[in-house]
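The structures considered in this document are given below.
Shared between the two complexes below is chain A, which has chain B as its partner in the first and chain C in the second.
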Partner chain A sequence: MAAQAFFTEHRRLWLALCSVFFLVASWELVLTYVFPVDPFFFTKPSLIATAFREQLQGSKLWHDLAVSSQAFIWGFAFAVIVGIPVGLVMGWRRRVEYSLDPFLTALYASPLVALAPLFIIVFGVGVLGKAALVFLLAVFPFIFNTFAGVKSTDALLINVIRSFGGNEKDLYLKVILPSTIPYIVAGARLAIGRGLVGIIVGEFYAASEGIGFAISQAGDTYRLPDMFVGIIILSLIAIILTELMRRLELTVAPWRASDEVR
Partner chain B sequence: MASFIKAHDVSLVFKAKDREPVTALTNFSLDIAQGEFVSIVGPSGCGKSTFLNIVLGLIEPASGVIQLNGTRISGPGQERAMVFQEFGLLPWRSVTANVELGLELKGVPSAKRAARATELINLVGLKGFENHYPHELSGGMKQRVGLARALATEPEVLLMDEPFAALDAQTRDLMQTELLQIWERSKKTVLFVTHSIEEAAYLSDRVIVMTARPGRTKDVIQIDLPRPRDYEMRLTPKFNDIKLRIWEVLREELTSRG
Partner chain C sequence: MKPAKIFAEHESLILGTGFIVLLLVIWESIPFWYTLPKGMALFFTTPSRIAAAFYELLLDGTIEKHFYISAVAFLAGLGLSIIVGLPLGLVMGRSATLEHLLDPYVTAANATPRIVFLPLLILWFGIGIWSKILIVFAGAVFPLLINTYVGVKNVNRVLVNVVRSFGANEWQVMKIVVLPNSVPYIIAGLRLAIGRAILGVVVGEFFGSSHGLGYMIASAATNYKVDVVFVGVAIFMALSVILTLAVKQLESRLASWRPEAAKSF
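Let's turn to the complex of A and B:
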């Protein structure tokens, strides 16, 4: 019975592990015994694992990661620096909201990656062009979530600050910003995914290094296991960053976490 | 009687887009002496909370005179502090930081703030909870924080907008008695809005009964019960007579609205 209790308690983890294992094993077995496809056209987990090991030992992967990270970090940092203040002012100042609304609605609804060629022309093939693309994709989740956070600020708390003689700056710093932070962190989660898309599209389109370039080059030359290594590494990065943001969300707003129904 | 808070012919109309304008107050007058405990009761929507916000300085009346100690009230000020019905605590701040809020906004240096906060936290009986956050506190404890925060700025006037309405009955009784004890020591002027006749009668020197909207003074009932008052007093025939008097005045307003 102790074993059963153990499985019930940790079922979330072991069920997840089981299903991943099942998928990988079936992929391997099907491609080995049922449809033995030429590895030139499709690949299987054992070949990917070998490629993974080789790449981890080489230096190219690390170089590509460094190049892509640099562009991502710059673009993302500027998205934070621009997105949060714009969202705050937009949420609090009706006139700013109405003035910016048409642009934001249009840009948020459009597939912004369509602007990739333009950005590469204007900002070049290097870090700057990719960072600009990351910025473009990541800034909107920050603006919109910050905006939504400001809109949901408790009017009572605004009155509390005013009743003690607080001015406009006090309202921003002591109520609006703190109550918006959980929304901003949730926005950051979305922005991470979109920012990674920005990197990859930028590097697919025009680049000579970086993780996106490595994926596209491996694909172009039919090195499918190497291509999957790039894809898996990207997924891992996305998972780790998103999970970090989820943790951060709980840390910055414990009063909200306690409201959540588990 | 020298009036400390003076309201004369105060009127206020709320105009919202696409709605009929609502007259919240018409020719409302009230004089309150320094150190007096005055409650306002009245039907829902009669403008009693609105009046509190006018005294607080958050709303400006359309017409009429509103003065504190002979000076026109034109905005929030040091001498007035509000205790809110829904507490209004900042959820990201600890009990201490919440109590310090008003002092912080007035630019009091941090060492002085901390000392004052400790003092007030002890006064309202929250010692040991300094580092707790609002979501970890019960309703009664939250309102203790709200009261401590208001008292921390050493206001001369304490404005209380149905402060105990969100609490359960026992906590409410307890808080009323503690409020009386604090008031008797500090002798602040208190303007207290409530729906509870019992609460108004127990706490106040005078009870103002307001008419249904648009709000005017319907009657003023002097509560000549001796002080200090305690819970037992609420079981005496005299207390019940007072409650009945308030109820009779108020009932006409409630029934006239259907």
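Let's turn to the complex of A and C:
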């Protein structure tokens, strides 16, 4: 009885676990017994697990991750430093909004990653090229979400500050910034996804180290288990970062939880 | 009418285009007031040179040839993701069991930049059109699936119950209530999917490819033909902006009867 109650209560978790377990098990069994695996083109979970263990013990994986995250952090930090002030000013100054909005919207809507080859060739295969690419992709969610946040600031609060003699600085620090923070965090979640695309494409295109390079090199040399290890690690990082941002979003703005679409 | 009044009436239009024109003029005039060092000049181009390169490539049919290949990959991938994403989103929204079974994969795949699968797809499907179609598919299918699912989930329970009470079966509930309710969400998903699909085309053609606009950009960059790179980038920009605006138009038309527009993110 208790077991059944437990099962109904955590039905979601149980079904998810069963589904993943079943998929992995059937992948392994089918490739071992039904179609013997050709290691050049396909691989199975047991081989991936072995490769995973080896990579975790070796130093190359950690080095690759350090290289990639360095470029990511630089690009992302600059995106925050540039994007938030631009968004704030755009939201508060009508003429700035009118001037910048069409230009930035066009850039936001277009696949700027098309500039990746040029960036890598101009700035080099090192940290700078990839960081510039991450910046280029990640800055727009910050600009536009900050902008939307400022736009949705409660006019009543602004009037209150004005009535009590607050100046421009009070307005920004006491009303606009706090009510914009939830939007900025939501923007950060989008920016993470775009920034990761920048890192990966930059490293696929030309690099000598980094996690994206490790994946494409494993592919070029038909080391499928290693390639899957890279893909899994990258997925895990993406999932963890996205989930962290979602939690942060719920913490800073619990009232927005109902708006959340996954 | 006084100029001041014209300006006040069309302020946003004037300032918006004015800023873009100003940027282009500054960009164009850089060589006149500053001599670039030789290393930099190699990577530098101006809008007029880009326009000239565009005209030339258009005349000799290069753009047409590459555009055709890219368009096929884009349309096939997007079509495939609609064929797979919509039904899957519908059933995931209607069946809790199926939702729980598929949820881990959808969540994980949606959080991961799908571009990482590109080397794998090239390995499996070669450097032909199929690896591009599938990377476009991988990018575009999740926004469609998730938005359809959310649209189905947000359906008004009362309406479903009314239709049920009058003896409708699951298929009729789907047709009469669920699908019409999900349309704005699906369109919003389509807008996101188009962006992802174009990203897939660009990056898919960067690597292991010999045709397509993405290839044109990558090979021009390798040969330091910077103006050709910008021609490719400009084409992609124009296409994205046009497609996004078109879908937005459709979105606002379809959603006009709703009190609240569909959410996109």
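Throughout what follows, the second predicted complex is superposed on the first by the 250 of 262 C-alpha atoms of A that agree within 3 Å, B and C clash if a C-alpha of one lies under 4 Å from a C-alpha of the other, contacts with A are read in each partner's own complex, and residues count from 1 in each chain.
Heads up, the rule we're going with is that contacts are C-beta pairs under 8 Å (C-beta built on N, C-alpha and C of every residue); 3 or more make two chains touch, one makes a residue touch a chain.
Here the structure is a predicted model, which is why all the values come from computation and not from measurement.
Partners chain B and chain C, brought together by superposition on chain A, fit side by side with no clash.
In the overlay built on the shared chain, the residue A:Leu100 is in contact with chain C alone; chain B does not reach it. An angle of 90 degrees, to the nearest 10, separates chain B from chain C at the C-alpha centre of chain A in the overlay. The larger set of touched chain A residues comes from C, when the choice is between chain B and chain C.
Of the two partner chains, chain C is the only one that A:Gly193 touches; chain B does not reach it. In the superposition on chain A, A:Arg12 makes contact with chain C only, not with chain B.
Contact with chain B, but none with chain C, is seen for A:Lys174 once the two complexes are overlaid on the shared chain.
Judged by the touch definition given at the top, the superposed model places A:Ala238 against chain C, while chain B stays out of reach. After overlaying the two complexes on the shared chain, residue contacts for A:Ser110 are found with chain C alone; chain B is out of touch. By the document's definition of touching, neither partner reaches A:Thr251: not chain B, not chain C.
By the touch criterion defined above, A:Val160 lies against chain B but remains apart from chain C after alignment on the C-alpha atoms of chain A. This overlay, made by fitting chain A, leaves chain B and chain C with a least C-alpha separation of 9 Å. The residues of chain A shared by its contacts with chain B and with chain C are 259.
Contact residues on chain A toward chain C in their complex (touch as defined above): 11-12, 15-16, 18-20, 41, 95, 98-103, 105-107, 109-118, 120-122, 186, 190, 193, 196-197, 200-201, 204-205, 212, 215-216, 218-220, 222, 224, 227, 230-231, 234-235, 238-239, 242-243, 259, 261-262. Taken in their complex, chain B has these residues touching chain A: 56-58, 75-78, 81-82, 84, 86, 88, 90-92, 101-102, 104-106, 133-135, 153. Contact residues on chain A toward chain B in their complex (touch as defined above): 156-157, 159-166, 170, 174-175, 178-179, 181, 253-255, 258-259.
Within the complex, the chain C residues that touch chain A are 11-12, 15-20, 23, 43, 97, 100-105, 107-108, 110-113, 115-120, 122-124, 146-147, 150, 195, 198-199, 202-203, 206-207, 214, 217-218, 221-222, 224, 226, 229, 232-233, 236-237, 240-241, 244, 263, 265.
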